[in-house]
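In the two assemblies presented below, chain A is common to both, partnered first by chain B and then by chain C.
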Partner chain A sequence: MSPGPATPPFTGPATFTLEPWTSNAGGLARSAAVSLYIAAASTLLACTVGFAAAAYILAMPRAGRLVAAVSAATIPIPHLIGAGAVGLLLSDAGFLARILGMPDGGFPTFVGGPFWSAVIFEYAWKESAFVALVIVGSLARSVGGLCVSLYIAAASTLLACTVGFAAAAYILAMPRAGRLVAAVSAATIPIPHLIGAGAVGLLLSDAGFLARILGMPDGGFPTFVGGPFWSAVIFEYAWKESAFVALVIVGSLARSVGGLCDAAATLGAAPLQRITHVVLPLALPALAVSGLIVFVYTLGSYEVPWLLGRISPEALPVRAVRLFGSIDLDSRPQAMATALVSVMAGAVAIIGGLILLRRLRGLR
Partner chain B sequence: MSSRLELKTISHRYSDAKEDVLKDISLTVEASRSVALLGASGSGKSTLLRVAAGLENPAAGKVLVDGEDLAGTPPDRRGIALVFQNPLLFPHLNVVDNVAFSARMAGFSRRRARRQALEYLDLVQLQDFAHRHPWQLSGGQEQRVSLARALARQPRLLLLDEPFSSLDSRLREDMYNLVSLIREQLEPTIVMVTHDRREASVLADSIAVLDTGRILQHGPVPQLHYRPDSLAVSRILGGLNEIPGEVTGGIHSSALGRIKVQDTVDDGAAYLVIRQETVNLVSAGTGVVDGSIASIKSMGAHTLVTLTIDNGSTAKPAVRISAEVVGAPDLSIGELVGVDFEKSAAWAVNS
Partner chain C sequence: MIPTLQRPPPSMRTSMPGGAAGRTLMGLLLILWFTLPMIPVALWAVAGRWHAPAVLPQTYSWEGWSSAASSGLFPALLASALLGAGVAILATPLGFMAAVSIRRLPRRYARPVEGILLAPLAIPPFALVMGMNVVLLRAHVPAAAGVLLLLVVTALPYTVFMFRSALAGYDDRFEEAARSLGASKAQSIRHVRLPLLTAATSRAAFLAFLVGWGDYIVTLIVGGGQLRTLPMTLASAASATGNEQLTAVLSLTVVLPPLALLTALLLTRRHGRIR
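Moving on to the complex of A and B:
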């Protein structure tokens, strides 16, 4: 298209022209690139700093309050005021340059410099506070529940695997006496967790069966049910799941381990050495699989922490169920977020477990 | 690595069994000697090894090694290594760590245990396989590693429980050569269990024949073959010829005629046992007796020819005698041939 005679803009009939785009395309592209660079660098820095601040606020409830307060106070400050403050701080004749004794050219060119450092710093500072408070606001309750759920799941899994492995070793080593343990383990598995939790509650509560037998019904008995360490919850899971772990290990080793232990014995391995050098390494894949199943199940299980745990903080599944059942429909998104956190934690555990299993693949 | 083993009046019964699997067994194995326990499945030979190794506690009797009673000594402290029918290599350890297992259990450092293990792998010619895993080995290689692992224990006694039974014939020959080499170099005392009489004859200085939990006879390999104590021993050693007859004053009378036998046999009904390998086929009328050919069975390089001897009576069943001859003789069913054997080596057992 050939350029026509020059006409003043916005006069005469409407015409289509690319001249405003093409006449200074290079400048336009440079501006776009600079803006994208500033936006990307500021976002990256703001998210990094914001996440670190949020983690600190969540992890350190007391000291974190100051960080939260500073962050909250930062948000209402207009960017223009912020930019002015940053300029006064970072310009080559600014506050920082004077403090550092470099007012005459030795100070880096943050303001108006080639890397737009002062601009990025201003955005990162202001927006990191926003990012931190959003993260804290969305996770403040779920993180408490997640920590509780992870603690219960990890402790229960560890205890279940330890007891389950010991039971499996006993069943395998003592074919006769082990039958009773195997029968008790097999009988334990079909009992629903809700019934198990009820039984454990009757056994371990401060007015329960054990407290009465020991003659400590009036406060002397430790707070297992509803106590700070979730002992009754962990005990119930460990009891039930250890039977599962034991039977999985016995099933995977029953055929081979007897002969291998005999061989180890004639090679000079004492009974404990046979367990640590033969049975345990051979049981590791089954132990890892069953432990992973126990962990993920325990993480997402609802009844036991609901019945035997504390009211606050709530385990993730308990919170999710309560929020889903709430008459306040606004609770539904929170319930979904809580459930999602639980799913994500389970997914991370499964991925980690599968990586571990790949490393154990050699133990066939 | 060489100790004397004495088993004294060993009896044993499994908890769910109705009768003893071992009945009053006594056996002595001198240092550096090799004894084979030969018997059919269920005769109790593997149980006897497990008792010696300490894996089973006998109901009665004693296990003595160099005169020391091992009652109450657990298997890991007996200094007796057992190689099983299944190699039973630890699947979580590679070859060198399998062989180094006993040294590690004894508290040696990993480096020293592996150095020692490599020497034993060299003995079984598997040093190049040191860093492979058990599932990367063939059956023969697995059994070699199992043998090296047992030898690395430097045991007072080496027990072999049918370790070569799952190998093909060529691998088995290789293993026989290996055991012979080990016997030359280390002179271990060996007790091996087998149901293969050829294996027992190749690897052992003497054979103890077990049947239903009892030792029927223990003696040098030729004695077991040519001078069995009973028909059962003769049968277990693969003897086919049992000629019925009567012994009177050291003379056995049967369809084969009157033949001088050993003086120790009692007068009365007795069977003449003649190894089929010692029977020759000759022209009719030139041997001890004539017979007509009833069957011809190829055994590879040998042929088993069975003949019917006319015993002069239609009331008694016909007497049969077998001859194992070299190659494939030009004979036909029903043909009349002579049967010949060394009369001076005739052996009878009371029925």
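Moving on to the complex of A and C:
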């Protein structure tokens, strides 16, 4: 459309045109690209720093509070002020250049430079505080539960795999007594964890069976149930899951292992060497798979930490179910968030475990 | 999972370190480990008076059983048995059909279908239940039906897995051979397919039964207290103090029937092998 007779721009009938889009399309596109680049780079940096800050705040009780206070303080600063401050900090003759004692021209041009560094720095600086506080706010309560759940799961898995492997080796090696061990461990498999938790409560509580057998005076027996290390919870999981681990290993090994042990013995391997160099490597895939199953199961199981655990900090499932059943309807979304955190933790564990498994297979 | 116990190779015996004494000690320790938590349960179930410093019960009685009977043991037993049976009846054929269809599908589609069917193993049950509870309430599904539905979903991975591993060693040509010898379709299913899949079917049904029989969290959240199963009764006894007898008795009523079932299954399997 040709520019018509010069008319004042805001009078006369309205006309429609694409000219503002096309006349300098290159400049428009370039600006869009620059803005996208700045946004992407700032977001990446802000999220990285923000996540690190959030992790620090959650992990360190004292110093973390200081970090939280400082980052919260940056939130109300307007970006205009932030931009001015960054300018004073990063410009050619700015504070940083003076501190570093850079000669004229030796300091890289951050402000107005080719990579928009000063701009990205300003956004990353201010928004990382925002990201950190959002992460801390959403996780603060769940993360304690996550740590507890991960600790319980890891300790139970380790113990269950150790005892399970020992039991499997015994079952495989001893024809008669091994059959008895196999029967006893198979019998624990159909016991629900709730029953196991009740039984472990009867066994390990303050005036429980073990305390009576050992003849411990009142108060002399360590608090396993509801104690600081979740010992009763871990014992219950290790007890039931070790039977599972043992049977998975026995099922996967039974056929192959005898002849190989014979061969190793002929070549002069001592009994313990045959266990660690022949049986263990052969059992490793089964051990890893069952360990992964145990870990993921333990992470998301409710009954045992509910019956045998502490009230505070609570494990993820306990917290989720408590919030879900609360009369306060506002706690429903919190319950769902807690459930999602444990679903995600399980997913991360599975993905990590599968990657490890693949690597394990590659090694062999 | 039902163990597949094979006779251990005799040559491995010498691989156990520690000499004869060490081996015996280790075996005893392992048996102690697996039975330890059930010892106080068995003692409390028949204990009358058992005050704190005494190692063994001072008097024995059936008190726990009568108090359990009066606090609703039998309705709870019935509810649990029905729930377990319902889950087994629904999840076993579903698992079989799923395993068959996974086997027939081209590999590209079979993998994701299998992944979806196994997914309930990866998701913590309480999270699954909390999410589904909202949906079930909106759809006005009755509590008992909701519990059954969710438990069938939870049991599916086990039944699918059982039938998958059974079908992996199953050769379709057995049925073809029977057909070529003149058997009708129904006869070939009845005399060939069913006997060959009996072991897997009973294993799958047993596992599905266990899912319903021992469930606590689904019944707790979706059942909303209306469904008083054995684990629900047990949980309220075990979470309060001073209920040792009741806890022990209820624990035994939960543990013993599946153990009896498992023994029966193993015995029939051994019998089948001899034939």
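Keep in mind that, in the parts below, the second predicted complex is superposed on the first by the 339 of 364 C-alpha atoms of A that agree within 3 Å, B and C clash if a C-alpha of one lies under 4 Å from a C-alpha of the other, contacts with A are read in each partner's own complex, and residues count from 1 in each chain.
The definition used in the following text is that a residue touches a chain if its C-beta (ideal position, glycine included) is under 8 Å from a C-beta of that chain, and two chains touch if they have at least 3 such contacts.
Since this is a predicted model, take the numbers as computed values, not measurements.
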Touched partner set for A:P281, first chain B, second chain C, both or neither: first
Touching partner for A:G259 - first (chain B), second (chain C), both, neither: both
Chain B versus chain C as contact partner of A:L267, first or second or both or neither: first
Touched partner set for A:A97, first chain B, second chain C, both or neither: neither
Which of chain B and chain C A:L159 touches, first, second, both or neither: neither
Contacts of A:A132 with chain B and chain C, given as first, second, both or neither: neither
Chain touching more of chain A, residue-wise (chain B, chain C): C
Partner chain(s) touched by A:A46 [first = chain B, second = chain C, both, neither]: neither
Chain B versus chain C as contact partner of A:A168, first or second or both or neither: neither
Shared chain A contacts, counted only where both chain B and chain C touch the same residue: 259, 262, 265, 270-271, 278
Complex interface listing, chain A residues touching chain B: 176, 259-260, 262-271, 273, 277-278, 281-282, 362-364
Of chain B, residues touching chain A in the complex: 15, 53-55, 74-78, 80-82, 84, 86, 88, 90-92, 101-102, 104-106, 133, 135, 149-150, 153, 159
Complex contacts: residues of chain C adjacent to chain A: 1-18, 23-24, 26-27, 30-31, 33-41, 43-44, 52-55, 121-127, 130-131, 210, 213-217, 220-221, 231, 234-235, 237-239, 244, 247-248, 250-251, 254-255, 258-259, 262
Complex contact set, residues of chain A against chain C: 163, 166-167, 169-175, 177-182, 184-203, 207-209, 212-213, 215, 218, 236, 239, 242-244, 247-248, 250-251, 254-255, 257-259, 261-262, 265, 270-272, 274-275, 278-279, 293, 296, 299-303, 306-307, 317, 320-321, 324-325, 335-336, 339-340, 342-343, 346-347, 350
